[in-house]
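Following this line, the structures themselves.
Next come two complexes, and both contain chain A; in the first it sits with chain B, in the second with chain C.
Moving on, here comes the complex of A and B:
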């Protein structure tokens, strides 16, 4: 034993904690009711989208207001590719899994078309340019009836993967009926895990260092030989693909895409996620995504139990309003007291590292 | 390496225990036979019904774009619940209305629907037609609870469980055109302007106006606007140039006021008729007030709150007593109509001894003449049609109660009768 390099017990503790957390996540669908699973799926989709915008805004310093547009491309792209045209809307009738992959690719393509602009502009200027995408997107979503279904949106065809259909047809697993959300839960977990690992790889490798250099000092980065414009364009495409993936997952959970959803407020929400979670880190994006997606739903559900809240119409603060105030207070509180975001909360607790270990 | 082995062993044990627990039925989600209980009074009970209470859901918007409508509808329904309970409830059970405010946010609306779904027998209110459309698949497929949307778009028709109360926008617009032809002297060959919102309200109304125009030999001059457009000067100029003899408005109260005000100021003195969402009594206090009283009418699926019927008078008085700070508007009537219809359906289901969702949907199909007291009877026997095709024509009037005066009692035009969805 003593000859082997010693691995500190702390690392085991962390691995065990992560493993246990993983197991808990895996068995949740057996116990939680639909509301919680659905809320969890919204949180996973938000986390995936937030990772994307954190690569762009947090790690590279490029502000984007158009994230909601790429989510819409993913969501509607999936519908159009997988739809079989029986509802009178354009559809190619591709198998679900292929449509999902292509929809992510389509979002990347949309990002690529925009990338000459994304490569040239920096910071807030890009934010203003991407703002246009939101308005173009909203106009198209509301008016391109044959493609988007207009105001009431279009139904989302269920995903088919390895003979398993992710719809509400009941599948009995250990006596527990599995509907759409239970099945999608595992898909969401897998996608989120893949998204996290990929983004980590990017951030910890050469491209990540180049992105941070561009964020911290664009000219110095250029002098050191980093192709600034190319990196900016590439990270914009990658961020769009993450948004597209989040859009596909959201569409599958919603079972219907509604144009109303993909507006300016959604883009701002994604920016709020990475500010709250912590700029530039994957864990921060995930934490922020979960925080912003879950909080309003949970508050809305339990607002009635809060003190000072009265039944609607009796003159006091209505539950819905109280939920909004609390959400606002939570956001302000996080930004005030955790300037580095939620990610710092974990990082602040000292992790014992023996000298010599590099991470 | 001991640590790792231990950790792996521990995890495996934990996993095995959890799976065993689930398999043994410790999860409350595990299936244990489909037992529909029979409770007090020999009545079969399902979701949202116990021996003592019947729970209804209300998915409303009190903090978003439809806040005024949502507040009125919800308060009217709460008033109905209070009065019904005071009179002994329904089926010897007290009613309970669980309200969730989604603020017109799709994510919150879906979350609220999912949360209440296992707890209620049905929804007496659901604001936001895109969200109703979003849950339609689930309602029809598995949930099967009755939903009464507070939206009047024909795109919501066709489900046996989602039932639109009163004339849809297209039918209402057809009736409005009939009013223009029979009472305002619109003749074959005339041009009819139509200012409408993009989205399903306006587009549904446009479908109606086109159909009615085709029947009456009129031409429709379209003007599409966005809900954020508040100044109608450009539209009025365009309509004036086209030489329209009358104008339809399928937009919000603001747009209607702007349109009528600008038209009066620029000399386009033609009758303007709106849908029921295109008027609010508060408009009479604005600068457009006098012009509205002179040349504006609107169609509505029921008599106004200030109508001269015993129910309307009682409701107006009770509502004013319960919520003295809030004004009386047509949201109150809409909420009341939906709630009383739901109550009537529950009573029928109770008579049949089946308060499950299945029992409720069966009761729905035999309810063919429900009269909530606002001049209309509602017929729920055909899921493909709205519960009524009647409209009333109302004129803004400062002196009348609620600022509205009925100029044409409930009617269905010939064109609306023959119209298919």
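Moving on, here comes the complex of A and C:
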């Protein structure tokens, strides 16, 4: 290994493609209309959340149906910490960036509080116990009126970071008016990139190996000296923090948080994302998140042009329902025909190995 | 005291319905080791069949048809989807049932829409008064029907060759297969039975005092999950005990809601989950579940 490994030409191609993709993503706010930027932001938030649940369910094998709860903790945590209390709801009036960071920490804390239960349960027991989180969460969101605004939810105070406020106060950049979504787009990109890199680092390093070992055989992993309980608790906290971050981003995009959104359907959506994308893979989580989040938006947009789909309330299949059919079928179909999900699809294309490599 | 008795009897009746649902859930788990998250949708399907058919057919034929229909849906899910995945990881299979659930639930809620469908049951809102205690006839019918079905099921489970095959498969799939048990049939049967039990449960979940079958009915059906889990996922006794506990707790929490006002509105719907979490903290395998033993 004294010789520096040669970089295969494919790697250059991939780097070039990634670079090109990055540039396209960076210039998109100058060209796309608000609708698509918002859809893109939903996709980014979904991707971040999906990475979180994929670390937990995909890489460590801990089935969680409670992901929506942690998203809610992030979203409402941000509102409560950043709100200034003028709307009659509890608010600490912290600066936006600090509130966002603390909200993510709060979601992690919620995960940590639940981990004594999570640590004792396995498989289906854990899945159904986490289902309890959803219902507890919904109950609190609807009833803790001072904190959450109850049924009608509460307005989300805009984020400000380094003197820049992420609201609709217009900022002209190269003749293009930048509103909330344009500014948030860059924030979302940065957060997603950081989230991807961090999760990849975790998965490729020692913790990732340990997590996979726990998934594949918990007892064998313990015998090999992996502190199973500690890793499971840690990954639960990490996954909750990802969910919290996704929740904060979603809240900023929606500009209003309502309790109904954080129900069981959302948790199922996140599970669908990681199955479609590929269990245990970061790229898969991102792909699945984008697919599931964009599907209803695209169908909504082109409802008139599509057969069988019609606008909500006109009797046919509404776009939201059509999207659910599609990703429900995608979950079943993925496991049937493409175990490993979209991530496997990409990896299956032959990878050129450098000739000198020995395994 | 009489209100307490009413709450208790209503709770037992509700609990026996949860036990019916949980029993189906446990049967599928024992036969195939798969957690069926599509169970609430199976129930909704059964209820929907009865609701649609009771006008042309009359109530009792509609109930029979709905039960058969839900059994067919369950069997179809097994035959078309689960069977293709046999041997895959069980948590992946659980997620497949979530996919099935999304499909079924979307279709059914789209059909039901915002309507509240009546199931045309013969009991209506009649009540029976015994001394100071007043109980709806539907609750008594539910209790009797559930007791009858559960007894019949447990007898079949113990004495028929189908039941023996099912129990053998639950003990060890491989050994059972070597002894000539057809695992495909066992799991098909389990899904069909679970569907049929769920359809009957759907009837009693939607009769008086509940307004009727609506899209939210599956949320009520979901409470059978905590019931099955707190009893122990692989135990039929556990499903019965869990169902009754969940039913009684829910009924008492709803009944004494005004005394529990500090916990917020709708605490009754939450109570089953809180009880489940509390039980799991003390007994992670549920009350009657097999403790996981590992030989290293």
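Definition applied: the second predicted complex is superposed on the first by the 318 of 359 C-alpha atoms of A that agree within 3 Å, B and C clash if a C-alpha of one lies under 4 Å from a C-alpha of the other, contacts with A are read in each partner's own complex, and residues count from 1 in each chain.
The working rule: a contact is a pair of C-beta atoms (placed from the backbone, for glycine too) under 8 Å apart; a residue touches a chain by one contact, two chains touch by 3 or more.
Computed from a predicted structure; not experimentally measured.
Of the two partner chains placed around the shared chain by superposition, chain C is the only one that A:63 touches, whereas chain B remains out of contact. Applying the stated contact rule after C-alpha superposition, one finds that A:12 touches chain B and leaves chain C untouched.
Within the superposed three-chain model, A:268 lies in touch with chain C and out of touch with chain B [touch as defined at top]. When the shared chain is aligned, chain B and chain C each come close enough to touch A:324. By the document's definition of touching, both partners, chain B and chain C, reach A:142. When the shared chain is aligned, no partner comes close enough to touch A:25: not chain B, not chain C. Shared-chain residue A:120: touches chain C; no touch with chain B.
In the superposition on chain A, A:129 contacts chain C only, with no contact to chain B. When the two structures are aligned on the shared chain, A:90 is found in touch with neither chain B nor chain C.
Shared contact residues of chain A with chain B and chain C: 142-143, 318, 321, 324.
On the chain B side of its complex with chain A, the touching residues are 3-4, 7, 10-11, 14-15, 18-19, 22-23, 25, 27-31, 60, 62-63, 71, 74-75, 78, 99-108, 110-112, 114-115, 117-118, 129-131, 133-134, 136-138, 141-142, 153, 155, 198-200, 203, 323, 325-326. On chain A, the positions that touch chain C within their shared complex are 57, 61, 63, 116-117, 120-125, 127-129, 131-132, 135-136, 139-140, 142-144, 219, 223, 264, 268, 271-272, 275, 279, 317-318, 321, 324-325, 327-332, 335-336, 339. Interface residues of chain A facing chain B in the complex, by the touch rule stated above, are 9, 12, 15-16, 19-20, 23, 27, 30-31, 33-35, 38-39, 42, 142-143, 150-153, 155, 168, 172, 174-177, 179, 254-256, 258-261, 293, 296-297, 300-301, 311-313, 315, 318-321, 323-324.
Here chain C touches chain A in the complex through residues 29, 35, 37, 81, 84-85, 88, 90-92, 94-96, 98-103, 106-107, 110, 222, 225-226, 228-229, 233, 263-267, 269-270, 273-274, 276-277, 280-281, 284-286, 292, 294, 296, going by the rule given at the top.
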